[in-house]
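Following this line, the structures themselves.
Note that subunit A is present in both complexes that follow, paired respectively with subunit B and with subunit C.
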Partner chain A sequence: MSVSYTSILWNRQKKAYDLGILVFVLVFSVLFFVGHAVLHPNATFETIFIRNFGLLAFLLLHVVLIIGPLARLNARFLVILYNRRHLGVTMFMLAAVHGVFSIMNFHTLGDMNPIKSVFLSNLSYDSLIHFPFQVLGFLALIILVLMATTSHDFWLKNLGPKVWKALHMMVYVAYALIILHVVLGALQNENSPILFGIVLAGFLLISSLHLLAAFRERSIDKPLDQATAEWVKACQVNDIKNDRAKIVTVSGERVAIFKYNGKLSAVNNFCRHQGGPLGEGKIVDGCITCPWHGYQYLPENGQSPPPFTEKVETYRLKLEGEEVWIHPEPLAEGTYVKPIQLAGS
Partner chain B sequence: MAGIISLAVDIFFLYLAIGVLFSIWFVFAGAAKFDEGVPKAPWHFRLIILPGSILLWVPLFIKLLKKKS
Partner chain C sequence: MNEKDDFYIGWQDSASPTYSKARKTFFLLSLLALILFAVIYLAVEKPFIDSYFDYGNLTELEGTVVEYPVFGLQTTVNHQQVTVPLVGFGKFDALPVLEKLKTQANARPLSKLRVTLRGTLIQYQEKTWMELTEGDESIINIETTEVAQEAIRRSMGEQRITGEIVDPKCFFGVMNPAYKKIHRACAVRCISGGIPPILAIREGGEFKDYYFILDEKGQPIHQQVLPYVGVPVSMSGEVEEVEDWKVLKVNWNDRQALSLDFSGEVSSCELALNP
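Right after this comes the complex of A and B.
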């Protein structure tokens, strides 16, 4: 957790993770170059280079997109999620190499500004077959650069969780643009059925995992309240395990209701570190502990214990018999709410 | 069509140029105004937030204005 900022807090796990990414990139590139040299001896070095980095970025984007649902379906995948940020930034850098070299190779020969040339050298915007597919890649790259440059904790804290979340959800827009970029590009170059196959298989994998995770969590995401409701029924006391939480959705926000020490408290589910699901974490040493990287918050006020400064919104609860009711209106981040004392404890 | 695109790209460059100027001020002085973690951070932290502050200078600027009033 942060008192002040460092660039990256390195540890052995992160180093091993990054080494894994590096080895994958190197092995893929060597195989790709050798394979190309054998199968297409006429291809120029630049062409292979550009394709190699485009494909690498595209593959890593798939990994980035499936980690989230995989980790929700099975906790074993939390290992990959742990450092998803480095994966995302690497993916961006590979895509940037691909984009910059494409521009250098195809758009710097005339006397037009190279970026303008991406948009203007081919004006067949009304044609499907001849569409300037490079433009789609360029727009996707802008989204990726925004995400990569705002991946540090500083940005989540200072842009606020809403803006940051919205910015990083744009990865799906980027993904759609990239699919079109690849498909339309492939139509213009050579019709490689393998490339279409990869795109289709990737799309099916990503969408089915997302659907599966959403189906599993449908009970969480079903809002309890209509927009104007006052108190709403959240669950039964017995639905929550000790030192664990139940996640519910009120006023469009996920809220985690924790049971600990014979008490109940509710906080916003979105970890202020990188958006991990607090309600899937445990109470450790009296603190809600995020399952992703272990940031901690006190259940009764949503504040990280001093000297740390992270805070999440809290919610009011009340008990009616065995039923837990929640007030949908969030209280300001870090507001103390007296925990509900459960009978018999 | 070509004229509009050309103009849009020019505006985009202008936006980035202002962002570059803003970001230099931001990483050395502005960021510390709303985040107490910044002054204590090592020098390369400024390098890490530099690209983001070039791209996002408008929301950061608005945030700083709100802070003042």
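Right after this comes the complex of A and C.
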């Protein structure tokens, strides 16, 4: 991680980002409430309120989900990835307002515990058309609660980046549940091919971007080594740009080989913060800098400069002419490996 | 190229022009998509019926209390002689108020009382309902009259009727919309809590006709109705006119008397019926 990071936890960029989210929420809500007052004055306040927050959360979820693949496809979108957590937490809060208010509206002041009522009022679990769609929203909301409460770096540290990442991949389960929640609920009532088309378009946008990004990275994930190989050929020296890296896969792990100051070093590609791709980062001030949130590591030993303690595995390299070879066996996190000196520098 | 120019670092105070431009573009495009979505949504959203809940205002009505087909007040609303069904606060009936009235009537028949009740009006088309918001405090006055009011009842024979079972408290104004799938769970709660189930009939998108659903002996029925709420359903039984309302008396033991009806809704679908 970087020394400069600590002093600026709340910088102008974050403020601009959060202001953007606020504008997003306000513009939609004002439009939605005023639009109803003009076009649908008979709608009750609760209906508008519930729909407003459900739709806003649903729209923001789309934004959250397209940022990842967009940033993988084009580095310029890293600027939106940086503060994705705030977007995620905002989306959760909007969904929570929608869910809690729906439960209050439809299930309280009755003859059954409201939470029980969500599950027991509509019992058509054996039918697709009549399926209790609120249950699907409820389950999605529970996933979002888990994600929002563990979104802080405190939990990231405690759970470890791999468990944390796995937990946060549940957002796709939540998305699937919410799609069904909408299709089997509101869409069925509205019965509008246009709204159905919009939901479908959203789904297609998200899935095609993910497929495209995965397709792009296919070549990276092709393993270089056979199981028995000792040293394997990784690339040509010229394949790597100055202060940048090439990502290769050995022994099932992505490894970033950096070229800097006429030297070569290799570290595990998985950033210990949230698993960002270090190999898409850059050497800044002598440190590998993660493209996602700017955590930093020294290339020769994979350690964050003091006082930070993050460490990644390092790898041995050798040069045969212009060919860069890598030893697939990772060294323990933070192990110093003497950088390869390139000829003529 | 400047070293930091083409690489984005979030914790720096500002992003390079390439990145701040990307952020601006992404923000503007999302905002545009958002506005477009809101406009399309508002344009295609199903219209709302013209129902009304006079939330926050209490109204006093004076008339004769009836118990059939449901607890209600025969009274005058907008110069029309109507029966205003009475429901409780939340998702409950107002039967505790009826019990209280009977106690206060002191063995006098209800038909010989003129009662003033206070509550919140619920109105749709020419139908008026009232929520006895204040519970027992809703009883403002009870007077004895000499002329006993008898409700006019007329049998209209066996009929088969297709519609949707709704909870009338929400349907006639407390919530809007209050029918079909999104309202099913709430309607189940209301009917389970004692709000009388109503079969609402639609013609060409408009609601036209309403039937109180009772059992074949004319007794109130709630729990048995729940699996049929909020879905298109067809039921047969004796139809009766009671003043300005209709009643459908359904034999719940006769499976032929009830069926889910998907005509015009979801044609190829059948719901496994396990009431």
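The rule we apply is simple: the second predicted complex is superposed on the first by the 303 of 345 C-alpha atoms of A that agree within 3 Å, B and C clash if a C-alpha of one lies under 4 Å from a C-alpha of the other, contacts with A are read in each partner's own complex, and residues count from 1 in each chain.
Quick note on the criterion: a contact is a pair of C-beta atoms (placed from the backbone, for glycine too) under 8 Å apart; a residue touches a chain by one contact, two chains touch by 3 or more.
Note that this is a predicted model, so its numbers are computed, not measured.
Asks: I want to verify the contact counts: of subunit B and subunit C, which reaches more residues of subunit A?
Replies: Of subunit B and subunit C, C contacts more residues of subunit A.
Asks: Does subunit B (first) or subunit C (second) touch A:Thr149, or do both, or does neither?
Replies: Touch status of A:Thr149: first partner only.
Asks: Return first, second, both or neither, reflecting whether A:Ser219 touches subunit B, subunit C, both chains, or no partner chain.
Replies: After superposing on A, A:Ser219 lies clear of both subunit B and subunit C.
Asks: With both complexes superposed on chain A, which partner does A:Asn242 reach: first (subunit B), second (subunit C), both or neither?
Replies: A:Asn242: touches no partner chain.
Asks: Could you say whether A:Phe24 touches subunit B, subunit C, both of them, or neither, answering first, second, both or neither?
Replies: second
Asks: Tell me the contact category for A:Leu123 with respect to subunit B and subunit C: first, second, both or neither.
Replies: both
Asks: So, does A:Lys282 touch the first partner subunit B, the second partner subunit C, both, or neither?
Replies: second
Asks: Give one of first, second, both or neither to describe whether A:Gln341 is in contact with subunit B, with subunit C, with both, or with none.
Replies: Touch partners of A:Gln341: none, neither subunit B nor subunit C.
Asks: State which residues of subunit A lie in both footprints, the one left by subunit B and the one left by subunit C.
Replies: On subunit A, the overlap between the subunit B and subunit C contacts is residues 2, 4-5, 123.
Asks: Can you name the residues of subunit A that touch subunit C in the complex?
Replies: Residues 2, 4-5, 8, 11-14, 16-17, 20, 23-24, 27-28, 31-32, 35-36, 39-40, 42-44, 46-47, 55, 59, 63, 75-80, 82-83, 105-112, 117-118, 121-124, 126-130, 132-134, 184-186, 188-192, 194-195, 198, 243, 281-282, 284, 289, 291-294 of subunit A touch subunit C in their complex.
Asks: Please name which positions on subunit C make contact with subunit A in the complex.
Replies: Per the stated touch rule, the residues are 3-4, 7-15, 18-20, 22-23, 26-27, 30-31, 34-35, 37-53, 89-92, 174-177, 180-186, 188-190, 192-194, 227, 230-231, 266, 269, 271-272.
Asks: Along subunit A, where are the residues that touch subunit B in the complex?
Replies: Subunit A residues touching subunit B: 2-7, 113, 115-116, 119-120, 123, 125, 145-146, 149-150, 152, 154-155, 157-159, 163, 309.
Asks: Applying the document's contact rule, which stretches of subunit B touch subunit A when the two form their complex?
Replies: 1-2, 5-6, 9, 12-13, 31, 34-42, 44-45, 47-49, 51-52, 55-56, 59-60, 63
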